[in-house]
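Heads up, the next two complexes both have subunit A, just with different partners, subunit B and then subunit C.
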Partner chain A sequence: MPTGEAEWHGAESEVSQTRGRVFEALCLSATSIALVSVLVLLLYVANDAFKPLSADPGWHLVILVTLVLPAVGLALYYYRIDEPAGEVAYTVTGLPIVGFLLAGGLGVVFAELLAIDEYFALVIGVAAVVALLFAHTRLRPTAPLERVVLAPLLSIVVVFGTPPAAIAQFIGPDDWQLVVDPAVTVPGLGWHLDLGGFALTVPGLPYRIVSLPELVLKSPVLPLPSLQLLAALTLPIAGLAGWFVGRRHESRQDGLLATGLILVGGAATLALEPATGVAATTWLVVYTTTVVPLAVYVEGVYRRGQLAGLAFPVVLVAGGLAGAVLTRALGLAGPDVWLDWGYLTSAPNSDPALAGIYPALVGSIMLLIVVVMMTFPIGVGAAIYLEEYAPSSGLVGKFVTLIEINISNLAGVPSVVYGLLGLAVFIRWAQIPNGSIIVGGLTVGLLILPIVIIAAQEAIEAVPDSLRQASYGMGSTRWQTVRNIVLPEAMPGILTGTILALGRAIGETAPLLLVGIAASVRLAPNSFFDLGSAMPRQIFTWAFEPQAEFRYGVLAAGVVTLLVVLLVMNATAIVLRNKFERTNT
Partner chain B sequence: MTQDNVTDDRTDRSTIVSPEDAGNESETPDPSGESSLSRSIAAEGRDGERVGTAQTVLEARDLNVYYDDVQAIDDVSLAIPENRVTALIGPSGCGKSTFLRSINRMNDLIDAARIEGELLFRGKNVYDDDVDPVALRRKVGMVFQHPNPFPKSIYDNVAYGLRIQDDTENLDERVETALKRAALWDEVKDQLDESALDLSGGQQQRLCIARAIAVDPEVILMDEPASALDPIATSKIEDLIEELAEEYTVVIVTHNMQQAARISDRTAVFLTGGELVEYDDTETIFENPESQRVEDYITGKFG
Partner chain C sequence: MSTDTTGTDAATAITDSPGGAKRERLYRYLLFASASVSILVTLGIVFVLVTGALEFFGQYNPLDFFLGTEWNIDQHKLGVLPALSGTILVTVLSAMVAIPIGLAAATYLSEYASPRARSILKPALEILAGIPTVVYGYFALVYVTPFLAAFGLPVGTFNVLSASIMVGIMIIPMVSSLSEDAMSAVPDSLRQAGYGMGATKYEVSTGVVIPAAISGIFSSFILALSRAIGETMIVAVAMGQSPQLLQFAEPLANLFESNQPMTSAMITLVQAENAAGVIYQSMFAIGLTLFVVTFAMNLVSNWIAARYREEYE
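Presenting the complex of A and B:
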């Protein structure tokens, strides 16, 4: 019967679907609002930072024709026809960008924190410790406990010398002093450390052990900085790359060949200094972080025969060069961008045209180093305890639950409150210099500690229980299970969570204001106890400058710099997560 | 009770356990020397003649296990003979897995679990204060229901137990031996460095067995080792279990009664509430059970 059929598939089922459609539309609009607001914000800031409208329309046209259209066309080709090549194109374009950023980071470290010869000496010290421990493994393979004791002892003595001396020398402020205390036993034996308010006296120890790096630094035959870098930076990377290539080719010989070639290439970059006027060390850093990984990757692509993907960066570079040549030849002016090389490498200035973000960028990176050193061990340690060791039932279990709830609550405490805490604890009580990088780092570290703990807990919880059971069933101790099974499985998740938390740390402003991080500094900090600024703090300062160029141009460029750093960190987290998911299937 | 005696006895084991041949089975006249074993068997009112030739390696005495207030094992006493396959069968939630896990103290990992009574391994109560569960688990290995290889290479999986014991002499050789005993060597010998997760489910389970026997335990506990596998992989595992019983004592929990009948020498039937209803030679349990409830369960009237 036709009428009967109409009744069972007619109006009623449509009514029940209407609600679903309305709900779907509402969710879609929520997503769109979020997306559009982020896009508008980014466009608004980018417009101020790059001022695209200040360029000649002809310039835009030329760039469109030479660079944008070919790149978009090629991207469409990959998307539609050759997806594997698209992945190659994406990696081969991204690798040098990451490499350049890494080179920039290393450059900052070598310029501000650790001179090249200090780095060289440190690497020699670490290599000596590793060699000694390796020798011990060979000589006494059945005494792992000895190595547990030996490893930290050797690291301290060989790399740093006597601990307090090292603390005072490497990271301590000027008023931390190591003095021989006449009250302490034999003169010259025993140390007394005066840390501002605290005093630490340990009798019976030799006053001073000279560390291996110090000996190296004092050596009269220290090689040229470029050769030091070749040995301490390029050599390990070349070894790693050689191992990787050797494994890929299943041939030790190929691996050694790759290592050799990379070293020869590194030595060749030294010749670039006289030709280009740019320091050989700069070339070497760029070569090691950019060219080497790219070459190893391209070699793999070549072996797999997926050469189509390599066209993308070629098109980008060629298009960019052609555009530059053409616009210059035609006399077409490009945009007057705020965010350029000069901006990234110069100090804040009262003249907006000369102002730059370099000291704040360095400050932010150093801040992040402090944050990582503080939150990673504490956060991961706490997460391991809470997930793997803490009892889940009984009175203690209830207490643990209470702690976990509190950690979640701490993650939501306003950052200003953490700023006050930092002010009270680190500056007033521990007497660490006001406004120093370390105070800022410790305070922001406290702020993201709960986030790191929660992320690490989730990563550890995601490790299948069947693996733990298998490990315990084999007669593993808890520690062996955590070390061999749980941590390796959870590590990508822990790293992802930590990096995302660091993304929050780098943008925090309120706690920095409270612990006195400088509004603006002309010189980048050279030690963790120096007064420094940070990008968000510097941006905050620029927002109140009287000149409009600061508020619209310089500030926007700062925001874009900060966002780029953030995006790179988030991209790293995403790549890690994807890699993790891939190995799991 | 010599090793030869045991081995001789094993040669006709297949005739004991395969139901179609069971009728031709002749009595083995050796009911002597049953010490502690006989007590628990006597408690069930039967005499374990076939397995009487084997020594008791594991013995539960009035074992009770509770999860908080819920009793999972109710006053169970039984003795498990050496170099035999002992099957624990019963409906879901009857406590057979709990019993298995209490043998190597895996229940210690559950905070809510509480144990009363004794469980003797070679005469020593494993719940004594001076027993380290880690040492116990190195003697009593375990294979789980779902294959759970570590996300490491095949080689590293098998070597895991030896490495955590810092016992890495002739590692290659011992990994090879374990894989051969687990009947997996021929399939994986060219891909030892590849991830264990790339193996099929049946291969993964045999890898887990290789991993368990690499450290040379005395007892292997198996918690429904074939329930997540297809019939072909299952039959391989069953063949393997029969071979393993030549060198190891195997205690296996299974839902599959045919499997228990095929591969085990002794069978314990647990019914609801963690109660051990009957424990006897497999043949007796399946042909002529004492208890009406066991007969109902085996013939499929419930459970």
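Presenting the complex of A and C:
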């Protein structure tokens, strides 16, 4: 080898070092270019939605001094010196945000879908079913199969009345009606259901058993809506919080005390209506979703003595208030934002100044309700089967392998194709009204089902085998092990995966377009069978409005609304995952 | 129901009683049924697409569909070639954005990044995949197109280039995270052997790690391309509504004009005034084409990853 020296690596060390450095810099800049470009685009949208430059410079100065500087300073302190307190700080700041979003969601449900008295009656019905089943457990502990059959039957009869007539009445549109058809039924025995073009006649069944919620609704004396809410919403949450506190304190008394205090606090919010002019029910919803979780969390922080973190939200709120008071006193105009309360609560309009996203927001919330009700039970059930029950050999084993391959391939099918499936199956074949919320929800549900299954499978797989063995060693059956050991242990992971999948669902647009979800509606849907819109669908509609006010205003505000909802959902999921991972190790 | 396990006599009673065994079986069947739903979904998709497409081909000559160069919904001229050119354009252009950037990002994350930088960059890249695609479409239409126009490019309001750039950015996380997984799976002993031979980090990255992980990297490319083919909303918002054949005389003009791939052609079809009969069924023919292509690509990707994977102890 005549040129042996030059063949050695490192002989041209100078050159190869620069080459290596250039390569590293290239790789790093490629990584950042994607991130930076999207970040810049996000800043552009935020700028268009909030128009910060339209504010007085003095306004910026005041806000900088009262709010931004103290908050950044405190955040730096947490980051550098007191990291545990920083964690408390972000949880205690994030909890109310999640709480307010939940309150908004509940408010929308009560306003559009289920009036408070209907909700109250429904809760009473469900409570009755639970009580009956509990009584059955006590009276006939040796008949579990009977209970398995009894549970769905009781729920249908007690909660919905005679199936499916009352179900149709409960969730269906007004033109669905139940008529006694003398031609096919003996009077009082047998029913005929007319679902607007889709008729079903079943003779011989008792015509109608009135459900418990209907009885409650018809009763002449119903408590005030606020009291109904206190009983049907705050009481269960207070009980849950009390159980949690009691377990944390290892004292049943403390738990009961917590429940009592929360209820007293809830009753106290009723006094806020005359003082503020805002309805007591609104106060109660906000109290239950925001104040209660926050109080429970702060109590835990107080017990651990990590009070430094609690300063952060105080600084934020005090700084915000001080800024608001000062700017008002000095007469400094704030920015003229597109994304304000009026935008969130008004309907789409051809005048950009009046346009809002409320009906689409309601549609998206209802869509998510359908998606959760469909994918969560099926997805978790499938994951349990694949992880806990599925045999690995034989004919069934081959089928299971097929299912596993199929699930991973389904996740790669383009979303428009799911739209075609929904169009052909739900609309053309099952005759569900075109563009109704339920069709959109079912279609998007099919789309995210594989994602939910995969996430739930990962969570169940992460449960240590020793726990299962211990459970079997105690003589538990497979189902008892799953219900009492595997599911509780895997639930945080399953919830994280489901929330992330829902984040995907809320942004899906193509399937909604194919199943005819409305481009834009003036009135929010009131039932799952109503024609509705959804946030991404509304954004798509606005994208073709030629006016600049739409492109750089209304549309930007819609995009920011969607992204904020998504961000809060994903952040919740990630915090949940981090908390779970830490306690597990 | 909590007494099932807390009371010992109740628990033994259940496992001994015939009811308990029956309940176990019932739950097994219920769970099995929910696991089978995914098979039903696949069968449903195939059935719906195939029957729809067959009905369509009963009324419309398949040759006219697959080889037709004219697309006009009002005149019922439904040749798929123009929309196919749109799809090919978007896929190739977005691959030109996503493959180099994604591969470089994967190399950086797997070989160069400190654990701290990795813990920030990796989730940040995954956020890109979580942004709804209609939002990317909005970005392309409202910000990227005027930005390109400011550079003097003769782009129309709706154009191929800005939509493809956004599709490319959207699929970067797919390339980067799957390629990075493949590179991280290369055992350290191979890297140490490279260093022992006197190779620099650059030489080890490009000469040892990437070749060793090449099957995983290729399978990530194919998956990303299949995602680009199936992408709908970005192109529906930002690329226009008129499918056009590729113009070979002026290659660059293809990029600056509007076009429409198969996915968003389906959206136009479903929203057409007379969305019944042939128009309605043609969606299923396009959907079937799309489904077969992406499904085959996913299978090939899995096959490459499994077949050409280097096995290390």
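List of remarks:
Keep in mind that, in the parts below, the second predicted complex is superposed on the first by the 470 of 585 C-alpha atoms of A that agree within 3 Å, B and C clash if a C-alpha of one lies under 4 Å from a C-alpha of the other, contacts with A are read in each partner's own complex, and residues count from 1 in each chain.
Everything that follows uses one rule, which is that a residue touches a chain if its C-beta (ideal position, glycine included) is under 8 Å from a C-beta of that chain, and two chains touch if they have at least 3 such contacts.
Source: prediction; values computed, not measured.
Using the contact criterion defined above for the overlaid structures, shared-chain residue A:G503 touches subunit C, although it does not reach subunit B.
Judged by the touch definition given at the top, the superposed model places A:P236 against neither subunit B nor subunit C. Within the superposed three-chain model, A:G260 lies out of touch with both subunit B and subunit C [touch as defined at top]. By the document's definition of touching, neither partner reaches A:G73: not subunit B, not subunit C. By the touch criterion defined above, A:Q480 reaches both subunit B and subunit C.
When the two complexes are overlaid on their common chain A, residue A:G94 makes contact with neither subunit B nor subunit C. When the two complexes are overlaid on their common chain A, residue A:P144 makes contact with subunit B and with subunit C alike. Residues 142, 144, 475-477, 480, 484 of subunit A touch subunit B in one complex and subunit C in the other.
Those residues of subunit B that touch subunit A in the shared complex are 104, 106, 109, 111-112, 134-138, 141-142, 144, 146, 148-151, 160-161, 164-166, 195, 208, 211-212, 215.
On the side of subunit C, the complex with subunit A involves touching residues 1, 3-5, 7, 10-15, 17, 19-20, 22-24, 26-28, 30-39, 41-42, 44-45, 48-49, 52, 100-101, 104-105, 107-109, 111-112, 121, 124-125, 127-128, 130-135, 137-139, 141-144, 169, 172, 176, 197-203, 205-206, 223, 226-227, 229-233, 236-237, 263, 266-267, 270-271, 283-284, 287, 290-291, 294-295, 298-299, 302. Remark: subunit A residues 142, 144, 391-394, 397, 464, 466-477, 480, 484-485, 488-489, 583-584 touch subunit B in the complex.
Across the complex, subunit A meets subunit C through its residues 8-10, 16-17, 19-20, 23-24, 26-28, 30-31, 33-35, 37-38, 41, 44-45, 133-134, 137-138, 141-148, 377-379, 381-382, 384-386, 389-390, 400, 402-403, 406-410, 412-421, 423-425, 446, 449-450, 453, 475-480, 484, 500, 503-504, 506-510, 513-514, 516, 536, 539-540, 543, 551-552, 555-556, 559, 562-563, 566, 570.
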